[in-house]
Amino acid sequence: MMGEFGDYLAGLLIVVGALFALTASIGLLRLPDVFTRMHAASKAGTLGSCLMLVALALHIGEFATGVRALAGAGFFVLTAPIAAHLLAKASYSAGYRMWEGSVRDELAQNVVSSKKNGQIQGG
Amino acid sequence: MQTLIFRTAAPFLTGLMLMFSVFVMLRGHNEPGGGFTGGLIAASAFAIHGIAFGVPAVRRALYFHPMAVAGFGLFLAAIAGLPSLLFGVPFLTGLWASPSLLGVSVDLSTVMFFDIGVYFVVVGSFTSIALALEDREHD
Amino acid sequence: MESVFAILVGLFFAAGIYLMLSRHIIRILLGVSLFGNAVNLLIFTNGRLMREIPPVIAEGLDVPAGAVANPLPQALILTAIVISFSFFAFLLVLAYRAYQEIGTDDTDGMRIAEPADDGLPPMGY
Amino acid sequence: MLPIVGALLAPLLVRVTKHYAGWLLAAIPLIIFVHFAGMLETVGNARTVSGGFDWAPSLGLRFAWFLDGLSLTFAVLISGIGTLIVIYSGGYLKGHPHQGRFFSFMLLFMGAMLGLVVSDSFLMLFVYWELTSITSFLLIGFDHGREAARRAALQALLVTGLGGLSLLAGLLVVSQATGVSELSALLGAGEALRQSPLYLAALLLVLGGAFTKSAQFPFHFWLPNAMEAPTPVSAYLHSATMVKAGVYLVMRLNPVMGGTAAWETILPLFGGATLAVGAVLAIRQVDLKLMLAYTTVASLGLLVMLTGLGSDKAVEAAALYLIAHSLFKGALFMVAGLIDHEAGTRDVTRLAGLRRAMPVTFAAAMLAAFSMGGLPLFFGFLAKEEIYLAFTETDGWRLLLLAVAIGANALMFAIGFAVALRPFAGAPIATPKHAHEGPASLWLGPVVLGGAGLVAALASATTHRLLSSPTASAVAGTPVDVTISVVPHIGVPLILSALTVALGIAAYLGLDRLRSLTAGVLAGIGWGPDRGFDQALRALLRFAAGLTRIVQSGRLDIYMTATFIAVAAALLVPMIVTGELPSAPVLPALRFYEWAVMAIAVIGLAAVVQARSRLTAIVSLGIQGFAVAVLYMLFGAPDLSFTQFMVETLAVVILALVMTRLRLSPTDHRPLRQQLLDMTIAGACGLAFTLLLLKVTQLPFDDRLSQFFAAYSKTIAHGRNVVNVIIVDYRGLDTLGEIAVVMITGLAILALIRIRSKKTVARASVAEDA
Amino acid sequence: MIAAPVTAADWLVVAPVLVPIVCGAILLMIRHNVRWHALVAVAALLAMAAANVALLTRVLGEGPVSMTMGSWLPPFGISFTVDALGAMFSLTASFVALACCAYSVLDIDVTGRRYGFYPFLLLMMAGVSGAFLTGDMFNLYVWFEVFLISSFGLLILGSEKPQIDGATKYAILNLVGTTLFLIATGYLYGTFGTLNMADLAARVGQADAAAPLTTLASLFLLAFCMKAAAFPVNFWLPASYHTPPVITGALFGGLLTKVGIYALLRTMLTIFAVERAELAGVIGWIAAATMLVGALGALAQSDIRRISGFLVISGVGVMLAGIALGTERGLSGTIFYAVHSMVSLSALYLLGGLMRQRGGSFSLHSLSGLYTASPFLTLLAMVISLAVAGLPPGSGLWPKVMLVKAALDGGAWPLAMAVLLSGFLATIALGRVFILAFWRTDTVAAGGRPADAPAQAAASRLGVATITLLALAMVGMGVMPEPFVRAATAAASGLIDTSAYVQAVFPPGGGQ
Amino acid sequence: MIPVRYVVLLALAWVGMSGSFTLPNLILGIAIGWGVLFLVRDQLRAAKVTVRPWAALLLALLFMKELILSAVRVARLVLSPRLDVKPGIFAYPLQVERDFEITLLANLITLTPGTLSVDVSEDRRTLFVHGMDCSDPERAKEEIRIGFERRIMEAFR
Amino acid sequence: MMSGAAFLEASAIFALGILSVSFLLVVVRVVKGPSLPDRILALDMLVAVAIGFIAVFGIRSGFRLYVDVAIALGLVGFLATVAFARFVMSGGADAKKREEQAEEEQR
């Protein structure tokens, strides 16, 4: 709908998005522990997917579908950090240690106190 | 789960998902989707709500027992096939009507009620399953 | 295309059945899940394959513009997916309850209904 | 029909009339007796009475009756003796709490027996045959508190029931061979049957039925055990009814199946063996009833043997002996019961001198014993003469049977008098009960039957005209005129009779010695079919248990293994045998991303299969699920893709929710051998599914359904998404069923989780749900 | 597109499915008003039975009836096609379910009701009826799943340990069975491009020469043999049927395996008639093995419910014999036997329940003295045992006679012998039950006798009444076999000559 | 009981989603929006939030920038031959107090470079953040404080 | 200079290629683990890549109906991660201990 320019833009966006996804995947493979890997997944991954959804919205050109694509991207942006947060918190409280190369852990003392209050079981 | 971040966001996520589920259900006849997928999305929404706030919250929210909702859905879907009896055509024959509502013609059909029935069954059943599994008081 | 799918289906079946031959219910259930996917792919392939074009009529048209993927297997699979998912959920909860009541997910340990030490029937009159 | 009504009324009647019920109920058999007796004249003139109506025409089943001399004689004996037995039972079971039931069973049995002998249709014959087995089971086990009675009842049921099945098969083979299914018609089809290749099979099967029912060696054991029944039952079952059914059958079929080498070998052989074994075993006994029972065995052997000899004389002898035996054996059994009833024991060694206390009984007993012993003036004498006469016409190995017959008859003579004379003769000794003459209801039967043995012989012309000749004619299949009378005719038979009597007297006098001798010999053998029955039954139970333990091992993995072996076999075997294998597939060029998705699916499969812990496997499950969803998308199935994504994810979610609650040991490995076996089975199944799928997809495809759906989805069903239109409209009923499944799943899971086993509930009170 | 107008009477075709679904759904909506459950269920089953009677009458009078849902022309919509076979089975099933439901009214507690006994029952009946009535292969699969999942629900209701264990095996193995059916259906669609049974029946003759029909038939055979619990895929039945309350066992033992038999009849004759003949030898051996394994299994057990379970299997073998023969007489024997078996095996399970109530145990080791305690029950036991063992005057006799006759006609001696021998083994098993549990008086029940609470006494009376009804039906079939034989023969001839079935769906001259 | 602005938001979302800007559809959207919010009514905490559109837009732009930057930085990091990371968790003292602000902040932090919100302390005073580069936590804290946290406080007062 | 459509087509093919590689890499992480959260994280990432894949495929094929599939996937992918997080948290330390045990047994 948006003509040539739209096609170029969409093409660019999907290539960039795909590259971000690739980086995230590489990060997922290379980084040393689950917390650091989470950085890759929740940032580069999210951004990559969002870019591709935006490209789709641009390419489709129909308003409602475009809105949905953008809404999907928005929803994704909304949920990705929450998911990352939950997984990080869960991993941490379940006792999955950070990589030996980590330089500090200021959460350690806090966990002790919250465990005492029986908060971890949640629900 | 007792996490502030999740709990603050959860009602909105649930609301959005529920709305999306209705959308998916209603447009299934023309685009991918339909009662089943819509129902699954809604059940997922309730599951998230349940994980965030606990099972009693979902039970309060639903008011009816989820299985009653499922029963209603099956009832609706089965009943949707019955009007054709009055018209002397076989069971589950799609009947269409387009009454004008506020000047806009709205397509109503037995088929739509059938799909709504499907939606309720799926919502009810899977919510019930999720809640039963999530519910720890009965352990 | 069908031949590649046929081989893939075979692999799905083999993997699913291999898991279902395990003694552990959780693995059996994983096998059931793979088995279900295998069946769905099998039905899908039986309806013959068509790339990319979904059986959805474009807005404003009365019939599809050209050839479309075969919709009937898709509808059948949808029904089958739902059913097998329901069964899967039931089996899973059943496994959980079996674990609760019997204390294991090893089917060799589940000998309540058919006890291993089932004696002879009465021999007298 | 009448006895069945009577059976239903009996308990009621007993309740109302107490112990006079016997007299009243006797009216039923009496009416029948009169009815049949009225036909004697007609049938005596070589005519038959038949009739019937369609019962189940689709089965070729007529409720048909057919009476010739043989049937009628049986019917008369059954109803006549039945009348006396019912009267006798009334006295015998006076005050018994379940007298009503007893009469009920008795009359049912009588009905079945009458039905058996008058039935024309094969199937009806079989039905009545089995009914006699069943009712006799109830009668023999009447005194069900005793293990021996239960054992005897079961034994009788099983032996005769098995025979019944054999009979059924035999009759069906007969009707297959001849095309007829009614006895009356069969009588004219004898030649066809004997020529049929199925003849021998039919013969063996039918004889299987007859021999078990008539307690032929080696199936004789159930009969003495059946003495566990109350004496009226024994008297009835073993004189005129139950055991005679087999004889009836053999006699009935003689004109049809007889005359062949097989017939004339098998019957005399088994009959002779039975005769010998029965007589010898009878000697061994001290119980009056058992003594009689074994002589019944012997007599049945004699009847079968005679029928098998096949000559007219033999047939005449059989007819005469049949009548004589019914009369004297019924009488003697009732006498035995009477003694037991009055004196409290049936042990012949503990009985003596009862003649004063029970004179009427004694008289009746003597009348019967004379007949049994074959003394002149009695019907038994006529029979015995005719038997020996029949032997004069034989030669070869069958003469050996003559020796057996003489010996056995002598032993039976001894037994007859041992039962009829021993308890009454000599000085009275103390018996458990103080003996005195029983009531009329008890002695009426023996007296009438004993007297009948005398009267029938004296009026032999009438007897022959009405009973013997018609019977013999029916058995022979040609008109036979029985002429023998009480007037002795000098000849070989008379000499043989005299020899028998002489031997018999000797045996009577040396009875105790003979008894200990046979007891010693039998103890030496140590095994008999009776013990064999126990062993066989136990062995059967053990075999069944062993087999079941193998087949039904209780282990799910074995069940699954067997199932999937069956799957592989069900596919591969026909595919290979009928050549339904596919041609070699052409691998098409897929796009690279399609290959990639396939590769991911395969990696996902491998990941699940090889995962060491279940948790890893669960997470890995998502990979192939997503890959499949993407495949659906690539091949034009967005709805499927959509649903697959949702369902795969939710499956993993539910798995996680459940796993939260399990505390499983981390690893669950199977041994290598098991792995290899499982892999082979799984691989074979996978291969089979692949091959069949290749085969099917190589066929041309008929896509008119899909064409139709695509063509009318928008125009008629108002939907653009054809898949959804199929789901909610074209195939809406599938979806209705599907959501029913979903709903029930929800409910079932709720029930699973919420309901706790009683043990658990005991711990915590039942929880209410919202 | 619109087919011929449907009269109200044609709605009978779906009524046996629709009524229980709607009532089951209503029960779920009023799940907590347990008082209404039994009432609604009984009413629904009565309505079903009435509809089935009307349906059978109509089918026997006018030939097969068909209705294609949604007013689509067959084979595009789902057809319900009812012939004598389907109507007979459906009627018997609803009759048995009604009896079981009556038995359950005082037997199922509040917990059982709240967690869905009656919805499970109704939906199971919907599935069973749907399976008998549908004329579409995939739809048949759906109904299989409906009754299967409902049976899961019934099976686990109570959650006792053995139930859970039995249900695990039952569920997994049955899932494999139905999935095999689905797989076979997938291949069938791939081969013929249609799912309508009448369409398939009409087309199978003109199939592509390369079509792997024998393999397909073999796959269907295996799938349905598994549903019917034929040897060697019978494991699930003895592993589970004795674990739930007897009422459930009665429903299962009576109905479920017969759906497998029905499906075998439908596929092996209506569709794969030629291939059935090719497979006849295999089916024959399966039949014989099933009969004997079942009967021997019954001998090996001491629990009455397990004995009943193995007798169910033995009966399945008998029914398979007719399918192996494939002649009209053999098939009508199978059909009649199936009808008999539905009634008599349900009764046998219910009887077991009453024996337990009176004798305090299910085990032959400890049961005794029931004759003295309960003469009427003994009479019922006698009648039921005779029927199950195939002895007169019970209902099992005639179909067995028909089968033996058919086997001999076909020269299948071993099969005839197996039928007779299995009957004999069943006689031993049941005879032993009778003498041990009823006649024996010397053993005191291990569990002691349960207290005769008034409620239990009422339940017991109701149970006796129910079983009496079933026993009367059995004796009726035994004494007046003609209508049953005639209906079974009509059903069998409809299976052999499929033209009427096909014409009901595709009326001659009525183009698309 | 159910905040009107949420209903309006959802109704607009509905209209956008379905792409049909008609009155009936809007009414349907309102009805559905109200319906779904009714279901979660107990959990809606209606904070008195005044949105300053301009500040909110600035926040959004800041977020976009940070998001892209973060993605690029992570990309560079994982692609570098030697993984030179010094990860760790530091405690960030919160200034914002309201739930929704804390949530927003935590999410934004997660989405931006090298930081990931792991948990909020129970007293809601501290946010525990996992940093990819924890060699200088004070600098990271300062960036958050003057970046997102300030913008949030400006946007929702 | 390519036309817009051709450029888009080329980009899409390129993107699909990259995404396929990403898929494989993520799958490797799921398979390798080593810890449960690692696998969960990888699965979450798999969803993200799948969404991108759907979007690109939607562009290439021109069917906009794939948008909704992508959205739904986003929704339920989130649910999966939440549920797993829930699992990790409650199965907690226990799960981890057993995981370690399993690994020891492997060695």
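Quick notes
Order of writing sets the labels: A, B, C, D, E, F and G. Residues in every chain begin at 1.
Criterion: a residue touches a chain if its C-beta (ideal position, glycine included) is under 8 Å from a C-beta of that chain, and two chains touch if they have at least 3 such contacts.
Just so we're clear, the structure is a prediction, and the values are computed from it rather than from any experiment.
Under the contact definition, subunit A and subunit D share the contacting chains B, G.
Ranking C-E and B-D by contacting C-beta pairs places B-D first. Among the chains in view, E has its Cα centre nearest the centre of the complete protein Cα set. Chain centres here are means of the Cα atoms, and by that rule the chain farthest away from subunit G is D.
Distance between chain centres (mean CA atoms), subunit C to subunit G: 23 Å.
For the pair subunit A and subunit F, the distance between C-alpha centroids works out to 13 Å. Between the Cα centres of subunit A and subunit E there is a gap of 55 Å. One finds 41 Å separating the Cα centroids of subunit C and subunit F. Those residues of subunit D in touch with two or more other chains are numbered 147, 150, 154, 541, 545, 549, 552, 554, 556, 560, 634, 638-639, 641-643, 646-647, 650, 653-654, 657-659, 661, 664, 689, 693, 696-697, 701, 703, 705, 709, 720-721, 723, 727, 729-736, 738, 740-743, 745, 747-750, 752-754, 757. The residues of subunit C that reach two or more other chains are 20, 28, 42, 45-48, 52-54, 56, 59, 72, 76, 78-79, 82-83, 86-87, 89-90, 93-95, 97, 101, 107, 110-111, 113-114, 120-121, 124-125, listed in rising order.
Touching two or more other chains at once are residues 21, 24-25, 28, 69-70, 77, 119, 138, 142, 145, 149, 152, 156, 159, 161, 164, 168-169, 172, 176, 183, 187, 190, 238-239, 299-301, 432, 435, 440 of subunit E. Shown are all chain pairs that touch, namely A-B, A-F, A-G, B-C, B-D, B-E, B-F, B-G, C-D, C-E, C-G, D-E, D-G.
Residues of subunit G that touch subunit B in their complex: 65, 68-69, 71-72, 75-76, 78-79, 82-83, 85-86, 89. By the touch rule above, subunit A contacts subunit F in their complex via residues 19-20, 23-24, 26-27, 30-33, 35-36, 38-40, 42-44, 46-48, 62-65, 67-68, 71, 77-78, 80-82, 84-85, 88-89, 92, 98-99, 101-107, 110, 114, 117, 119. Every residue of subunit C that touches subunit D in the complex is listed here, in rising order: 1-24, 26-30, 33-34, 37-38, 40-42, 44-59, 61-64, 68-72, 74-79, 81-83, 85-90, 92-97, 99-101, 105-108, 110-111, 113-116, 118, 120-121, 123-125. Contacts from subunit E toward subunit B in the complex involve residues 2-3, 5-8, 10-11, 14, 18, 21-22, 24-29, 31-32, 67-71, 77, 119. Remark: subunit C residues 20, 25, 28, 32, 35-36, 39, 42-43, 45-48, 72-73, 76, 79-80, 83-84, 86-87, 90-91, 94-95, 97-98, 101-102, 107, 110-114, 119-122, 124-125 touch subunit E in the complex.
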